[in-house]
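Naming follows writing order (A, B, C and D), and every chain is counted from residue 1.
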Amino acid sequence: MEWLTITIDGREVSVPKGTTVLDACRMNNIPIPTLCHAPELTSAGACRLCVVQIEGMRNLPPSCVTQAAQGMKVETQNPKVRNARKTILELLVANHPLDCMTCQKMGDCSLAEYAYEYGVTGEIYQGEKRNLPIDSGNPFILRDPNKCIMCGKCIKACTEIQGKSILDFSHRGFNTQVGPAFNLPYHESDCDFCGSCVSVCPVGALVEKQMVGKGRPWEVSKVQTTCPFCGVGCNFDLNVKDGKVIGVTSNPDAPVNGKALCVKGRFGMDMIYSDNRVTTPLIRKDGVLVPADWDEALDLIATKLGEIKKTYGPNSIAALSSAHCTNEENYLMQKFMRAVIGTNNIDHCART
Amino acid sequence: MAGLATSFGSGAMTNSINEIPNTKVMFVIGSNATEAHPVIGTKMKQALAKGAKLIVVDPRRIDLAERSDVWLRLRPGTDIALINGIMNIIIANGWEDRAFIEARTEGYEKVKETVQKYTPEVVSQVTGVPVEQLVEAAKLYATAETAQIFYTLGITEHTCGTDNVMSLANLAMLTGNIGKESSGVNPMRGQNNVQGACDMGALPDVYPGYQKVANPEVQAKFEAAWGVPLDPNPGFMIPDMFEAAVSKDLRALYVLGEDPVITDADANHVRKGLKALDFLVVQEIFLSETAKLADVVLPGASYAEKTGTFSNTERRVQMVNQAIKPIGNAKTDGEIICELATRMGYPFEYQSSEEVMQEIAKLTPIFAGITHQRLGTQGLQWPVPHAEHPGTKFLHEGKFNRGLGQFVAIDNQLPAELPDEKYPFLLSTGRKLSHYNVFTQHSPSLENYSPEELAEINPTDAKRLKLKEGEVVQVSSRRGELKTKIIITERVPVGMVFMTLHYFDSPTNVLTNGAFDKVTKTYEYKVCGVQISKLS
Amino acid sequence: MAENQRILVCAGTGCASSGALPIIDILKEEIKRQGLEGTVSVVGTGCQGFCEKGPTLVIEPQHILYTRVAAEDVAEIVAQDIINGERVERLLLLDQVTQKPVSSLSDIRFFAKQHRIVLQNCGVIDPKKIGDYTARDGYKGIQKALKEMSPEEVLEEVKKSGLRGRGGAGFPTGMKWGFCRQTPSDKKYIICNADEGDPGAFMDRSVLEGDPHSVIEGMLIGAYAIGADEGYVYCRAEYPLAIKHLEIAIKQAQEAGYLGDNILNSGFNFHLKVFAGAGAFVCGEETALMASIEGKRGMPRVRPPFPAVSGLWGKPTNINNVETWSNIPHILRNGAEWYGQFGTEKSKGTKIFALTGKVNNTGLVEVPMGTTLREIIFDIGDGIQNGKAFKAVQIGGPSGGCLPESMLDLAVDYDTLTQAGAMVGSGGLVIMDETTCMVDIARYFLNFSKKESCGKCTPCREGTTRMYEILDRITKGEGKEEDLDTLENLALTIKETSLCGLGQFAPSPILATLKYFRHEYEAHIRDHKCPAHNCTALLSYTIDVEKCKMCSLCAKNCPANCITGDKKTNTPYVINEEACIKCGTCLEKCKFGAVSRA
Amino acid sequence: MSTACEELVDPKQIQLDEIIEKYRHENGPLIPILQGAQGVYGYLPAHVLKHISKAIRIPLARIYGVVTFYAQFRLTPVGRNLINVCLGTACHVRGGAKVLETIEKELKIKDGATTDDGRFTLEIVACIGACGLAPVISINNEVHGRLVPESIAGIFAKYE
């Protein structure tokens, strides 16, 4: 691999050829603000927040789409660069609701984070603001187009990750919008509710409806796990607050799926708290299933199976194991049947 | 899986999911991937975005058919004829990979002879697919740089399911599209851990890792490990169990996390079998239809409440990590089994699921190098023969697991039950995106989003029967009847009705046929005759 | 009576909209009626350039120009001039200086100082006939290239000529071709950018309408030099006549063997298509234009990769505009050295300007690079309308800047104008007089830029609207002292951080007017006055009761019906200020000076 | 699509399919097809866009994005008479804004709108290239030049 030497803020660093200036900075722990950039999507260079000054280059190039070149001298924090970023943030904030206190994204909003860092007031530019209806007609995704900053990541996610392309820009200039065709609400479009758009939105324009009001980012712990729906084996993070799962978010390191998920994986987790859960053992008494404690239930089973085995032989007992349970549990189940009961009468439903 | 095991020596997806986006040609047969395996569907769409060609074989105009280069709308149950026809065209045009056939396979001549009678014209007549489309598909697939076959239950859920699979294996070997990156034969497993349940020996004839119970060496190994004598005779498969229950050969059944009353074909027959038992234990997280029949119901824990591993369809063993405590008084299924074993006089004294995995690794060569720690966040694809092995991305490179690939000559066979005068519609079943089997109905948001069955029926049929969109109709077969709403759509051809298997209120499997494949004993969910009648 | 006369009637869009088309038919009929068909031919030509005086016609070979011709004039022209050889004096142009009519083109100052290379066929030939083009050495350039020169030699010749791109930034054409030629690829495209969106520029349209073959020939030569075999002309859909003439020309060129496979038995192939744009100024930007051909939203993308490396459908692509392409045949025919005699050291050749606004002679003018603004405005343009004072000239459209009186002696070339804070751009020259408000002009251009912003990058999408809003407030007298700093900071940020040229140059009108006309901004903000009496919110019209003769002329002409009064009841007329739209009609109409503006 | 529609043969639909067939195999067929479709229907109804989307397999959202990006395309029917008010630079400095203001008052509509009686649709355009006649408007492609506010009413009277 060919390596290049470039100077960032007076510091010489080496990066592999083909690295963007943004990646070169991030590899060296030099912070650069970005809104439209995402490593898993193609770069648009649209938000312009990542601009830097590069010796010999006209204007302020965006670092996310500028390739590092041998001997390049980059400045990432000089007053001119910081002022340009601040102005861009002021422009975005001027056309963005300031209801951060009640916004689901609070604490995880890139715009808020940078606005704070750059001392944006939100008062310099007073004028027209978008005023579009909020799209809340579906059970999964809450879409507030007024919070959209036109970074276009949701569009790319819908196209590049999901291959669905139900989202795109419409209109132009200040009137540009992001949404399904005819700006229909999600549920009237062909949306599959995979939620990839939500997973890349840097602001509160797209949020998981189920999680609204359920927890702030700093209160939530994330547990990576494997999806229980279908054989693809997607991984994601269960978001847990106070011992309760409040939602699912993408884990970009998921080996099979990256940030992609489907409607079931991302939004079907409320199944855990279904009213139909059995939460205590039940024993049939006088033809009716009634609650019992564990000892009673397990003793009853041990006794009954023991009797049947004794009377009719181990092959009079069978088990259906489960394609929903873990490998370890399936292992235990077959070991139970083979070693404890003494039969090979074990199968499971979906062995095709 | 038995089909692939016969042909290649190993019954699993030959390639990895992340090889899909780089495939040049995809041959998708009997698989509605964008709905049943949504994220695999997205990978296929990513491949299309990179210029891949797509051949779809399906009677329904599924989403992938809309995106395909060639869509072969075959009559249900004519898959073998179609594949033989494509092989006939490939051989006739000299598109076969002679070097591959020579070096890597056996039994080719027999297949060549068999497919001779499957001329394009004959096949077109049998399948209903125009000759030009057959030729186009054959050319695309045979001449591709890399090509993968994908199939699911549309291939296997037939009485000739195993033969269907072996036909596809023939096709792949004929063209050399196997044993390399982005080329192979890929059965996509339906349920999250169906691969793992098989891997772990939840099958009547094998121990974990497909080690035969009938093999004395294997038996000796497990007897030594477990310290008890073991039975070398294979046990009952599912359909046998219900038969045996009715005949009183089977007295007790322990059902773990399944709902056969809903999910098995010919539900009424299943119900009869369960009712005949002396003792039924169901361990489940919901009070399922099967649980309602049980003598004892044990509350298990959901995926969020336990630690362990799932094996996905590409053989990747991945961690399931506990996020919350079991709800209410529930326990993890592992814990319950251990307690029961202990109470029955064989103490299962595992401190954690990790310890169970250590035992699995010790006894199972394909899992030998797996520990929870190694799985980490990325998992490992078996075979993982030792602790340093990085896992296996695709199978059969350079050599098939069974040595030479086995061509098997196969003739077309008709489904066990076809529409007739009394039951004039062909019922086919499958999945839809918003649900997964029956238990997503317990998710309030998914249930709210997609609350009821919408049986698909062609506009021509709807017009003839004077049915309106959203109308509730009665669907009946020789085995049962149900009521369902309908949706009128060109997705299904004339004469077909399509239903999913997700809804308690329209339990499709009261209709389906309990006939099954002779090898795997998989039910023929995909084809049976039904009648549709207007209510009132 | 002279033998074999040709009557060239301008049928360009400008003259056509002032009624030229019926004149052609009537003229043909009249010639026929007079039995002159054998000796006099009537030709509908492309734009003759003198739009202000349209419809215009020229009688050749005498070079007689008639202006503002109406259908009723036809019989008289034929009888008096064609048959009797006498000029119809009332239709001749009146020289503003001598106040005498001038008959000959060469005596008309509008034409005298021009040097027409690109426009040499416009207004002279019938653009719908390939024969008219070949009769004037058309397709000699490509013949020479294919028969006598290697592609490298063609490229060298263009490099040597010093031709720079006429579309805006003035990038050396030969160098640009060279980049595309160097990129190895199985397929290359060339594109003619005819998406002339600059409001106030119409030279590209005129060339396409009046001399389409010159563009085709230029592209053929370029394709040969670059190694492309397919090309597009991306033309605004708003130019239906240009598209029509181009399509006719392409068909004729195909039939004549200049387009297609194995052109002139050379083995060289080139296919050309017209793509009608759908109305977006930003599609003048190369990458947006290509996105548009690909059927996408015309949103520019980041460069690099440059089109020469990865352009249309990912293939190396070279884009030049109409005027650039139509310079090429002349360079090939006459040689780089010949071309180099025109213009300045760093800006060779001629440039076409669209002269519009408050100038006497509006129209298309082609002058050697290096001609001063003063020559263009006061000699060719014949000075300011209605004897008003010159205030500024806006050069280069929404991306350019406004220059004041003090800059009039600047020689027009790429580098000088850029230094002065303007740009050659597409070549629009809009002349402004004392009644033009420079804040309003900046506001006008920002309104244009904000509407045409594609919306992709933040500074342009959000910033053009905010700049417009600030300017709008100032023109309404609601400006604040700090607005000028805010405006300047915003303008500089947008200039430095926008993705494409549209955004980068959108602030130019503000920066230039702030530089040269800051006092006008200050007058609006501090004194709530518009020095040019243009900004309606800062104006008020009143009728002086003393001077009002109650003639009712003001009320009758008021489009807002907001003036009332009555002679019968001796009620003097008054203006209802609430309803007044401040159009100034009453002021113009009042014969007694009773209406005043403040 | 309701079953009733199937049996009607819509001549516009046939023309649309011909246009699609003409361009579908070319690179970048979308914009020419949209231009052709608008030629047939006078505007681009939603069902036409859906039909095009299916026929050339371009996502509907992308088509909608393209349609709303370019000034030429319209999603609503146009009035009986289409007024284009030129606001090119030349027209602006010669009083185009005042002409526009007068028209807006006269018709009580803004840019892009159609009068309630469907008589006029008003559109602002940037330069129709008749700069010499500034300020100009065109009605149904007929150019009216050298305008002053008071001439508007008279011109409109000619169009029903």
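As a working rule, a residue touches a chain if its C-beta (ideal position, glycine included) is under 8 Å from a C-beta of that chain, and two chains touch if they have at least 3 such contacts.
Since this is a predicted model, take the numbers as computed values, not measurements.
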**Request:** Could you find the two chains linked by the most C-beta contact pairs?
**Result:** A-B
**Request:** Among all other chains, pick the one whose mean CA position is farthest from the mean CA position of subunit C.
**Result:** B
**Complete:** The distance between the C-alpha centres of subunit C and subunit D, rounded to whole Å, is 24
**Request:** Could you grab the centroid distance between subunit A and subunit B? Build each centroid from C-alpha atoms only and quote it in angstrom.
**Result:** 29
**Message:** So the centre of each chain is just the mean of its C-alpha atoms; given that, what is the distance between subunit A and subunit D in Å?
**Reply:** 42
**Item:** Where subunit A and subunit C are represented by their mean Cα positions, the distance between them in whole Å
**Value:** 52
**Fill in**
Shared-interface residues of subunit C (touching two or more other chains) are 280, 297, 299, 452, 454
**Set of subunit A residues in contact with two or more other chains** = 159, 164, 168-169, 171-172
**Item:** Interfacial residue positions of subunit D with respect to subunit A in the complex
**Value:** 46, 49, 59-65, 68-69
**Fill in**
Residue set of subunit A touching subunit B in the complex reads 138-140, 159-164, 192-194, 210, 223-235, 238, 240, 243-245, 251, 253, 255-257, 260-264, 267-274, 276-284, 289, 294, 297-302, 304-306, 308, 311-312, 314-352
**Asked** For the complex, which residues does subunit A have touching subunit D?
**Response** 159, 164-172, 179-182, 189-190
**Prompt:** Across the complex, what residues on subunit D touch subunit C?
**Reply:** 27-32, 34-35, 58, 62, 65-66, 69-73, 87-90, 92-94, 98, 101-102, 105-106, 125-134, 136, 138, 143, 145, 148-150, 152-153
**Complete:** Within their complex, subunit C touches subunit A through residues 280, 297, 299, 301-302, 304, 450-459, 461-466, 469, 486, 489-490, 493, 495-499, 504
